[in-house]
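See the structures that follow.
In the two complexes that follow, chain A is the common piece, with chain B as its partner first and chain C second.
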Partner chain A sequence: MTTQAFVLQLLTGLSRAAILFIVAAGLSLVFGALRVVNVAHGSFFMVGAFVGVTVIEAVEGPAGFVLAVAAAVVVVAVLATLVETLALRRLYTSEHLLQLLATFACVLIFSDLVQFLWGERPRSVRQPRLVSGSINLGGVIFPRYSLFLIAVAVVLAVALWALMTRTRLGRDIRAAVSDPEMLGLVGANVPLLFTVVFALGGALAAVGGVLAAPQSTARLGMDIDIIIESFAVVIIGGLGSLVGTAVGALLVGLTFSFGILFVPQAALAIVFVVMVAVLMWRPYGLFGVVER
Partner chain B sequence: MTRPPVAVAGWGLAAVAAAVAPLVATERQVYLLMSVLVLAVFATSFNVLLGYTGLVSFAHGAYYGVGAYTVALGALHLGLPPMAGVALAPFVTAVVAYVTGLIALRATRLYFALLTLALGQLIFLVTFQWRSLTRGDDGIHGVILPPALSAPVPRYYALLALAAIALVILGLVMRSPFGATLGAIRENRERTGFLGIKVKRYELAAFTLGGAFAGYAGAMYVLVDRQAFPLLMHWTTSAQPIFVTLIGGLSNFAGPAVGAVVFGLLRDYIIRNIEYWQAVLGLVLLLIILFLPGGIVEGVQRLARLVAGRGGGPAAPPVADTDREPAPAGRRTP
Partner chain C sequence: MKRRTHTPRPGWPALLLVLAMLAAACGGGGVEGGGDAGPTEGDAGTAGAVTDSPPETQTESTSTGTEPAGTETTGTTTGTETPTGSAAEGEPIKIGMATTLSGSIALFGEANRNAAELAVDQLNEAGGVLGRPVELIVADDQAAPEEGVRIARDLIIDEGVSMLLGPVSSGVALAISEVSAERQVPFIVHTSNTEALTVQEFQPYVVSVVPNTGMEARAQGVDLAGSEYTRWATIAPNYEFGQRQTATFVETLQAEKPDVEIVAQQFPELGESDYQPFITSLLAASPEAVYTPLFAGDLVTFTQQAADLGFFDQVYFTALYETDALQELGDAVDLEGIRAYSRCPFTIDTEQMAAFVETYEAAYGEVPSDWACMAYDAVNLWAEVVEENGDLDADAFVETVEGFEFTSLRGDTHIREIDHQAAVPSYIAELTFDDELGFYVYGETTVVPAEDIWLSEEDVEAARAG
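Moving on to the complex of A and B:
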């Protein structure tokens, strides 16, 4: 393998890992605080991508891209708030399975909603001019958009870490992770906190969707694809752990991009083999804690 | 444990209805009823895990697919008659379910569910990619059935017999001491373990049994549609018996079968009449989850008890409660 081929494959893997991290971090955050495995997280990703594409098509230039992210975040946050307040909130006292199934029912609903609003045709957009093309360093070509995605993921990771450790909201979330009843007793508005966390998780999926759209396309079925891969990420890393999500995303992204070189037929299968192997070794994921 | 008379009457009525139905139905409706029979067996096999043992598995679609491929591949590569394939399918699937169950049962609860998701997808991907054996995404179409089964009505009766065999076997097993032990595990895993019962071994047995009958249902499916394709194994297929069981009610042996009839007919009606049928289906499911979490069977039982209570007579025996009220597996209980 030449240096160029290796670098390209590495960047493909890392940029995939970047998207996966952003999306799976939302999934993991929601699970940590609410103990809900949100299957509709993939739908939030898809809705985000379609909203983003629509805005980018309407507004030219870098402003369009920023606006697309903002619009996707707002739309998905509203959707997530609706799902949480209308459905999930009634199910917190019942079995995990019912919550999971409720979000699965939402997958069916959102999938048809997207088809109704945007049609069946996949939508593609160009990468924003500022970060398109590639840069040449010592004879090796680096695609700019991949570098951009990696940078965004790193920035978001730091921001999430700061949110969780440096702010009041983060402190409440961490308290909710360990004991929501106690948090309620000391006067925090736990139902509101759950809604905010759920919306925040959805917003992360939406950001991932907008960022992924120029690389792949916005299309029906992307909701199922991303949720499967995100599950793999959080299961490998351990649900509820930010560090675990990052490690899981890197592992899945790189396994996929290099796996496709050696066994093009079975790259995704290798990801699942890795996942099974990790769980056999550590049943709660690499950084997960034993389930309450 | 005697059967409540209502249940006997219900099964009797269902048997009569199932026997008479093809005589009054159109050919299309007979095919629909065949798929309902398959779904009933599929969902009942799933409820061995969910309702009786308290295990949530997302690999069930994969076992369904393994059963279907046993018949289709047997016919394609070995010239195996389809009925022999149907007889073989539960045993092949049992082996697959046993091996995957051995791995998945290293974890418990949520992580167990996610592990089954991974293992099921793995089986799906292997089937999808192993073109020389399975023909990959193309699938296998036009499995040739024996002439006696080529007309829809005889085929319906054959499937009815196959479904009855499966339901009777599963019903007997669940009423046996083995089934009672599974119930104990569902109610309290730890305490059952303290009694000296090897919990994992029982869970693995239930997982294998449920998997075997999912394979049997998959084999039945090939008799209906005469084909097998990878999507049968996808985890979205696994969601189907979950919904069916939920609609009917997981606290009762008949729940999944009732759910299969309602779900099968409802889905058929919605698909034919509404363009955005997925959304409508999702909405219906969401409403059931929110307002009737015990399913239709429990809803009817509750209604019956209400009527009996108003009549001033002795209250009906609380069958549903002792049978299975899913203890709110407390989010926060340690």
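Moving on to the complex of A and C:
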């Protein structure tokens, strides 16, 4: 195997990990604070992608792309707020199965909604000109957009870390992760905090959706595809852990990209073998904490 | 709001349950994109399981006189509404189409429906069939075999259709074919094309006007054996169709050209959104040429990502670029010189095709896709056979259709007796950009005749026996 081939495989693995990290971070954040496994997270990803595509089609140039991200974040944050206040809020004290069923119902509702609003046709949009085409990295031809995705994921990771460690909101979220009841007793508005966290998680999925659309397409079914891989990421990394999500995304992305190079038929299986191995070794994931 | 501090553990069993539900949703095909539906899916395994429900139950549940859900009547003529200037009179003859109108492959189903509506309108304008108006009833099979069975039965029992058309997915086609045999109603397939329909699972009421999977893959193999390339790689969607199509292609190519070496094979999941690691893996094996049966949205995504990785500069490429995919790609990627194959491109040079393209464009504002052209042929084949017979008898239909010669959009063809497969060719061409249309179309086209690529009668018999 040549160095070029190795670098190329490494980069494709990283860019795969980038989208996975952005989406799974939201999933993990929501679980950490709310202890809700949100199956509809993939739906937020899909809605974000379709909203993004619509805006990019309407507004030319880099401004359109930035606007697309903003619009997707706002739309999905509103949807997530509705889901949290109307449905999930009533179910926090119920068993987890009910929460799962509620979010699964949302998957079906959003899927039909997207089909109703945007139709059947997959939508593809051009990548923003600044980051389109490819770049020659010492003999390795690689898409600029994929490098852009990797950069965005790193920036978002740092931003999330800062949010969690440097802000009041982050402090409250961390407090909610360890003991929401105590947080309520000391005067924090826990229901509002939960709504904000759920909306923030949804917004991350939406950003992932907008970023993914120019690389592939916005299409029906992308909700299910992403949620399955995202679950693998957070289960490996540990639900609720930001560092774990980053490590999980890297593991899944790189295992996949090198897996198909060496054992093409079994790449996806290898990802899940890694998942099972991690679970056997650490049942709460690499960086997960034991259930409170 | 209070939360229990000691919430039960989330528990992986519950998560697994939800993942199982997601998987079930995938299988339904209605809710999501990938699923197991494809225009060429050859999933024979799904057929048997869904036709077990006894027909009596079905009759009971549907004999209440309610319209089957999701069914829409699209015929332009009813008893009261006879088209102007038409000689068609009397009870309309009903024909039914089961195709996919929801989910990610609904695009194909819409083209099927549009073209069949157009064909029926034209028949009615010309005086109907047997002097009676034709009414087309279209129902959504949701790309699910069990749904296909249900609507096929509803169409036959409640609506009394004389013929069935459709569907997109081969899994659905195999299931409907069983209903067609059981109810003795002719069933013409025009989009789904697993070879099993006319070979292993053949039943006398089925007719195919689409080149089947075997014919397609062999056409490719025969065509490309003439090229100078010996180091080949393949990439195919990871399910029965993709694997079988690839195997047939490789077999044919190596039989024609023994020094061909397969240096890499990739099988991404159907509906994969990120082909980059697959593409780079192929390139790592430095093939000279790459073959793929990826189609539709998957092929579009693959093409865009491959272009940015410099793939097309490094290898010779061949794929099923049908009209929808080419329209979607527009001028985004330089496809000049790529060797594409297709089932029924609108650029086929016949008088009939030219007239159809013009009418279709006028009606729907776009050129007809392959899926439209072949559905149009299916309706007209049925009408011609019925006119020839002078009645709607199903067994007479079967008798007449065997060896029947007719003029399709693809030119003169006939239906082979042994497998009811139309002698339709495969079209292979280098792509060239059309400035007027704004997308790539088929340049100088190689027409590989059916006789060169379909199974010989002996092979058909052997396959059925084995």
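Observations, loosely collected:
As a convention for this text, the second predicted complex is superposed on the first by the 290 of 292 C-alpha atoms of A that agree within 3 Å, B and C clash if a C-alpha of one lies under 4 Å from a C-alpha of the other, contacts with A are read in each partner's own complex, and residues count from 1 in each chain.
One rule holds in what follows: a residue touches a chain if its C-beta (ideal position, glycine included) is under 8 Å from a C-beta of that chain, and two chains touch if they have at least 3 such contacts.
Computed from a predicted structure; not experimentally measured.
After overlaying the two complexes on the shared chain, residue contacts for A:115 are found with chain B and with chain C alike. Residue contacts after overlaying the shared chain place A:276 against chain B, while chain C stays out of touching range.
Once the two complexes are laid over each other on the shared chain, residue contacts for A:231 go to chain B and to chain C alike. By the touch criterion defined above, A:92 lies against chain B and chain C together after alignment on the C-alpha atoms of chain A.
Of the two partner chains placed by the overlay, chain B and chain C both lie in contact with A:37. Once the two structures are overlaid, the count of chain A residues touched is higher for C than for its counterpart among chain B and chain C. When both complexes are overlaid on chain A, the residue A:124 reaches chain C alone and has no touch with chain B. According to the touch criterion, the shared surface of chain A, contacted by chain B in one complex and chain C in the other, consists of residues 35, 37, 92-93, 95-97, 104, 107-108, 111-112, 115, 179-181, 224, 228, 231, 239, 265, 268, 279, 291-292.
Residues of chain A touching chain C in their complex: 1-2, 5, 8-9, 12-13, 15-16, 19, 31, 35, 37, 39, 89, 92-93, 95-97, 100, 104, 107-108, 111-112, 115, 120-122, 124, 126, 132-134, 141-146, 179-181, 184, 190-191, 212, 215-217, 219-225, 227-228, 231, 239, 256-257, 260-261, 264-265, 268, 279, 291-292. Those residues of chain B whose C-beta lies close enough to touch chain A in the complex are 50, 56, 103, 106-111, 114-115, 117-119, 121-122, 125-126, 129, 235-236, 239, 242-243, 246, 276-279, 281-283, 285-286, 289-290, 293, 326, 328-329, 331-332, 334. Those residues of chain A that touch chain B in the shared complex are 35, 37, 87, 90-98, 101-102, 104-109, 111-113, 115-116, 179-181, 224, 228, 231-232, 235, 239, 265-266, 268-269, 272-273, 275-276, 279-280, 283-285, 291-292. Chain C makes touch with chain A in their complex at residues 1-5, 7-12, 14-15, 17-19, 21-22, 25-26, 31-35, 102-107, 110, 238, 264-267, 269, 271-274, 276-281, 283-284, 297, 300-301, 304-305, 308-310, 328, 332.
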